[in-house]
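In the two assemblies presented below, subunit A is common to both, partnered first by subunit B and then by subunit C.
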Partner chain A sequence: MISRVARKELLEILRDGRFRVLSIAVLAVSLLSLAVGWKQYTDVAKQHQQAQAATRAQWLNQTKKNPHSAAHYGVYAFKPKSPLAIVDTGIDPYMGVAVWLEAHKQNEFKYRPAQDRTAVQRFGEMTAAETLQVLVPLFIVLMTFGTLAAERERGTLRQLLSLGVKSRDLALGKAAGIAIALGMVLVPAAVLGVMSLALTSDGGFLASSPTRAAWLVASYLAYFAIVAAICLGVSARARSSRLALVVLLTFWFANTVVASRVVADVASWLHPTPSAVEFQKAMDADLNDQQEMQRRLDRRKAELMRQYNANSIDAVPVAFSGVSLQEGEDHGNEVFDEHYGRLFDIYDRQNTIYQLGGFAAPMLAMRAISMGLSGTDFHQHRDFITAAEAYRRQIQRTMNADIMAHPVRGGAAYLAGRELWERVPEFQYDAPATGWVLRNTRWSFAILAAWLVVAIGWMMRPLPRAAI
Partner chain B sequence: MLEAHDLTKRYGAQTAVNGLNLSIAPGEVFCLLGANGAGKTTTINLFLNFIDPTSGTARINGLDVTKAPLETKKCVAYIPEQVMLYRNLTGIENLEYFTALGGHEYPRSAYIDLFRQVGLAPGVEDQRVSTYSKGMRQKVGIAIAIAKKAGALLLDEPTSGLDPKASNEFAALLKRMSDQGVAVLMATHDLFRAKESGTRVGIMKHGSLVATLSTADIGHADLERLYLEHMHD
Partner chain C sequence: MIRRILQHDWRVLRADATVWVVGGVFATAIGYAMANGVRWTTFQRNALHAASAEEIDRYATIHAQIGVLERTGTPVAAFGDPRNPTQFGSRFGPRYAMLPPAPLAALAIGQSDLQPYYFKVSTDARETLTTATEIENPQRLLVGRFDLAFVIIFLYPLLILAVTHNLLSGEKEQGTLALAASQPVSLRTLATGKVLLRALLLVGIVVGFSSVALLANGVGLTAPGAALRFALWLAAVAAYGAFWFALALFVSSFGRSSATNATVLATAWLMLVVLLPSLFNLVATTLYPVPSRVEMIQAVRVASDEATSAGSTLLARYYEDHPELATGGAEQAMNDFNIIRVAVDEDVSRRARPVVDRYEQQLTRQQTLIDRLRFLSPAVLMQDALNDVAGTGAARHRHFLEQVDRFHAAWRGFIVPLIVQRARVTSLDQVPSFTFREESPASMAGRVVIAMAGLIVPALCVAWAGVRRLRHYPIVG
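Right, the complex of A and B next:
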């Protein structure tokens, strides 16, 4: 029965001119956005690789110089892009992908494409994720609003129900027919997408991302099923197909356009972030706390003199300039940890609000999942920042320890060479495991699952008598 | 086969069907006559459980339609005044679909036979229904009803839009089905058809069955006179 309904529904959809026009449009936009993502990814991945190699070569090929000068010379760290970033660029365009690691400072990320863009471009950007989250639901709405409402208007629904057909079977069959029609559009797009992923990343994708890709595909399928079930449920209950269309377009607009803005406002109202100027001023004030620095240096001096049983710091066999530099770093690190930690915790809490927003709009849950699995959400950004900062501190410690180990007398300068530079390993960053990502987005997964159950349950409920 | 016991449907102060008592045995053709709004269609909708009765019961095969809505619908075939079909499907695809949902599958040749039986010209079965006239759609509806092989027929002005020849063919089909033991409840305006096809005739007015008579006992002219008398307020 259900398969019979599905077959007829599919046949009707395929014979409907609207479907052909809409599906060609959706397929074209999907492929276009994938192509744009693919181009961006290959460009950026190549640039990153070259830049990472260049920054390493520059570091190693420095001339002989004082280790602290080398620390100022610094290196760049680049956030590796997961091939799935082709699908969802997430917050990368806004948060940046590279950071300059140097002495004394935890720098902000650079290379935010969004910075260089005009406001118009910002809205005009069409990633594959946006196509899937915004455009495909619109396509589903336009294809399905009349599914049951139009049958009621035409009178065929009465005839079907007079046959003793369960309205639940009817709804399920129609859902299946629509799913197949939708699949005929989305499966080719997905296959091409996966193929281009596999081709671009030299097998890296096949080695690392299939689990993430599988979760991503399953989540998008669930999201589409939610939208389709809501459409069918509304279509089954609306008095006319026109009313169904109005209701569903309102839902679509609220879900895809309004919700993300409202939730962003709510999040920044509940957990306001300081302005960039305020933030920098507060941090600088703590960094330049001379009294604290003096206390730290005095304590270290006393410790060293006790350790070496010396009565003057000059008698200690350690270069105190190195100790003092490291103390400066340690003090700075405490300040950075406190200020950035507080800022990132605010972002984290805002992020939780975004995820909880999924209760109001399933697109928000889908967005969090999509960014998470594509490796472009805030959690993974923070994870990378933390790793890059740890690497920066390692460089500083290595340089300062070398200075300490080479005390010089009478104004002579200590110069280090390649042997020291090589002691700093190349920056390695491994993206977090899929399980870690799933844990971070567990709220969104739970919310999406809840939407799926409720939407399908509602769709399958028997039609109210008045709806015949 | 089809029974109504004190079947009543009220919409607010207005009574659409008022204490209807009716029993139609297998092989009987009961024609319900009456003006527009007399309650004929409401009676059929009550049998189909499309609306809830205010009081009383409608039974098909002894089962209360409100308690066993799916089982009772399996036992009846319904032809509305305007048969509605899927415009983008061909005639035979429509027939196949409605038949399958009614729980039957036949080979294509059987569907073509049905098309001939109801008087559709050869070749039209593979045309899209959007090219069909109202009469042709009505004939597809009749074919759907036959294919369901139900024990009872609920017909709501089934011959509206049919030309006299087709109407006559439909009468013959009805006769054949009643000979096979099908119980028929038909709402109609056509006194002549009611007299020809019906075994009994009921006249409805303001929701009440005001007269029931056997067509064998009455001539066509008498039926018309009786009908007009009842319609006269």
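Right, the complex of A and C next:
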């Protein structure tokens, strides 16, 4: 019986003029957004790869100089693009693309691509993810609001149920018919999307992204199922198809346009971020804590003198300038870890609230999952920040250890060359594993699953007599 | 006659729950949005206040330090000497260039959460100053703010559609339209009266509620320019509303059912408010893509490497450009690291300029394209108008950046000669400081008026076409 209902529903949808217009529109927008995403990805990925190679070459080709000068010269770390950013650019436009790794300072990521765009971007970007999260649900609403309500208005619902068709089977059949119609639009888009991903992969996609892509596809399917189930449920219970449309459009508007803004406000209200001025001031105060530095240096002096059994620091066979620089770094690192750690923890707490907002609006859960799997959420940005900072600290340690190992007497300058620069390995960053991403977005997965169960359960519940 | 229609229709509307729901939703949204906007401008004002407090403290400390050093003549390492111009220009003395929120900034957050609103201007290259940005969760930047501009651009048209989609079709479906038409009143007058009533109601609600919210949040109209901005804001809200009312009248004039009207109007909303703006963004960023800034980073780096290695030649060239600064002991000065650094900085700026200009040119091309395309979408026009009125749009920010550029030049113009002449900063009175000069009200108002014209002209055309079509309105059947 379910398949018969599904076949009838599908036929009706295909004959409907609305479907033809809307499906062409959705397909066109999906393909357009994928194409643009693909172009942006390939352009930027290439630029970043070249820049990363260039910064390495500059580091290696430094003239002979004191290791600390080299540390000041530093290198840049450029954030690599995740291949799935073709689908969802996430927070990428709002995060800097590069960070300068120099001595003494953990710098911020600079140059947000969004600052190089006009104000219209604030209406939303037409990425594939945006299309899937915002437009496809609207497409589902417009295709389904009348499915059952119109049957009732025509009086055919009563007829059908009197024939012994269970309302559950009817709902499932209708859902299946709609799913097939939807599939006819989305499957070609998905196939092209995967093909474009495969084209960009320089081995990277085949290694890690298929698992991510599979999870992504499954999550979007669940999201569409939730929307479709809600639409059918409302359509079955609304007094008229007009009322069903009003209710569903309100749901769509609240879910896709309003909820994320309100939840963002709530999150910033519960966990406010400091202003940049305050943040910098507090960090500078800790960094310039001379007493703490003096304590550290005294302790190291005592340690070294004990170690070498010397009675003055000049008798120790290590260059104390290197020790002092490294102590400065260690002190700075503690301060950076504390301040940036606190700031990023605020972001994390805010982002957890965004995820929990999924209870009110399934799109928020879907967005978190989509950005997570696409490698464009804050968790993954933070992971890259941490990796880049660890590399900076490694450079500092290598340079300072070399200074320590080459004590000079009588004001002579110590100069190092390429052999030392080569001792710093090239910066390597591997995107985190899928399991790590899934753990970070566990709330959203749980919420999406809960929505799926509740929405389908509600859709399949027998209709109240009054609704027939 | 119009008055009688208004009175009668008001009685009918009052009995209908829709108006109360619309009013309630609107009031809540406006109150919330205003509180949100005020919270953000307060945050900005506090940040600016903290910045200037920091500067005042710092200057007090430097002043005391300089006094002691000058009096006692204690020798001190250049690194810790605020009188040393190099140290003063980049470490001790940098001053803030600040863009204070405009009087009605709380109305539209616009781009103000994304673009830097203060710079710490030092002798360092201008390119390294540009990125001082406020701390904000990137995901919040991505989703945007629930401010009054959002309520007006997105929600206000929807509420207009909620009360106008059944303008005539509602009466027709109830069977009262034929009755009304049998009276000595033309359909045009009837429709005009109905539109007028709804327009008065909704525009009244926006204006009333947001004025109350504005005052309740302590945003006064006494600040210079505030009254003009508020008047423009009211006019823009009325013009945007006029467009949507005209569209509803036009759609109604076809004589379709209320359900069809609602679908058509909702589709129009979706196209004009959601799809077209993001399509414009897509077209602009695809036609004139701004390359990733990594190219600029590399270019600046290469330039500074080359400039550094050519340091001494650069100095010679610098003296060629500024012969008045050569004090005679040029050979001695050759070894002066600070002077070389000044020359290197200028050379880096010179070499990096073409690359930086390319980014700005691409952005200008995007903006020019959007400025043309926006006449196709009332939502984009409205966004521009509201951002301009609130002072959170591109133009005022550009105006600010130009002043920052000039201040940076003035700062270097003060510090560099001191470095070259090996002079010292002994008094803080001569140190340049920044005061933001507001852009002229005329140019701001001019931009808003153009955007409003883009709303009113199509509104008039559509309304005219609608009224003409009403002649053929099928009152029965």
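We adopt the following convention: the second predicted complex is superposed on the first by the 466 of 468 C-alpha atoms of A that agree within 3 Å, B and C clash if a C-alpha of one lies under 4 Å from a C-alpha of the other, contacts with A are read in each partner's own complex, and residues count from 1 in each chain.
Criterion: a contact is a pair of C-beta atoms (placed from the backbone, for glycine too) under 8 Å apart; a residue touches a chain by one contact, two chains touch by 3 or more.
In this text the structure is predicted, and so the values were computed from the model without any measurement.
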{"item": "Partner chain(s) touched by A:Val165 [first = subunit B, second = subunit C, both, neither]", "value": "first"}
{"item": "First, second, both or neither for A:Gln307, with subunit B first and subunit C second", "value": "neither"}
{"item": "Touched partner set for A:Thr386, first subunit B, second subunit C, both or neither", "value": "neither"}
{"item": "Partner chain(s) touched by A:Tyr354 [first = subunit B, second = subunit C, both, neither]", "value": "second"}
{"item": "Subunit B versus subunit C, judged by how many residues of subunit A each one touches", "value": "C"}
{"item": "Which superposed partner A:Asn288 touches (first subunit B, second subunit C, both, neither)", "value": "neither"}
{"item": "Contact residues of subunit A, present in both the subunit B and the subunit C interface", "value": "none"}
{"item": "Contact footprint of subunit B on subunit A as seen in their complex", "value": "1, 4-5, 8, 11-12, 15-16, 154-156, 158-166, 465, 468"}
{"item": "Subunit C residues touching subunit A - in the complex, by the definition given at the top", "value": "36, 43, 46-47, 50-51, 54, 110-111, 114-115, 118, 131-146, 150, 154, 158, 258-259, 262-263, 266, 270, 273-275, 277-282, 284-286, 289-298, 301-302, 305, 309, 359, 362-363, 366-367, 370, 374, 379-380, 383-384, 387, 393-394"}
{"item": "Contact footprint of subunit A on subunit B as seen in their complex", "value": "48, 50-52, 69-74, 76, 78, 80, 82-86, 88-89, 93, 97-98, 100-103, 141, 144, 148, 154"}
{"item": "Complex contact set, residues of subunit A against subunit C", "value": "29, 32-33, 36, 39-40, 43-44, 47-48, 51, 54-55, 58, 63, 76, 78, 90-91, 93-98, 108, 110-126, 130, 134, 138, 241-242, 245-246, 249, 253, 257-258, 260-262, 264-265, 267-268, 273-279, 281, 343, 346-347, 350-351, 354, 377-378, 381"}
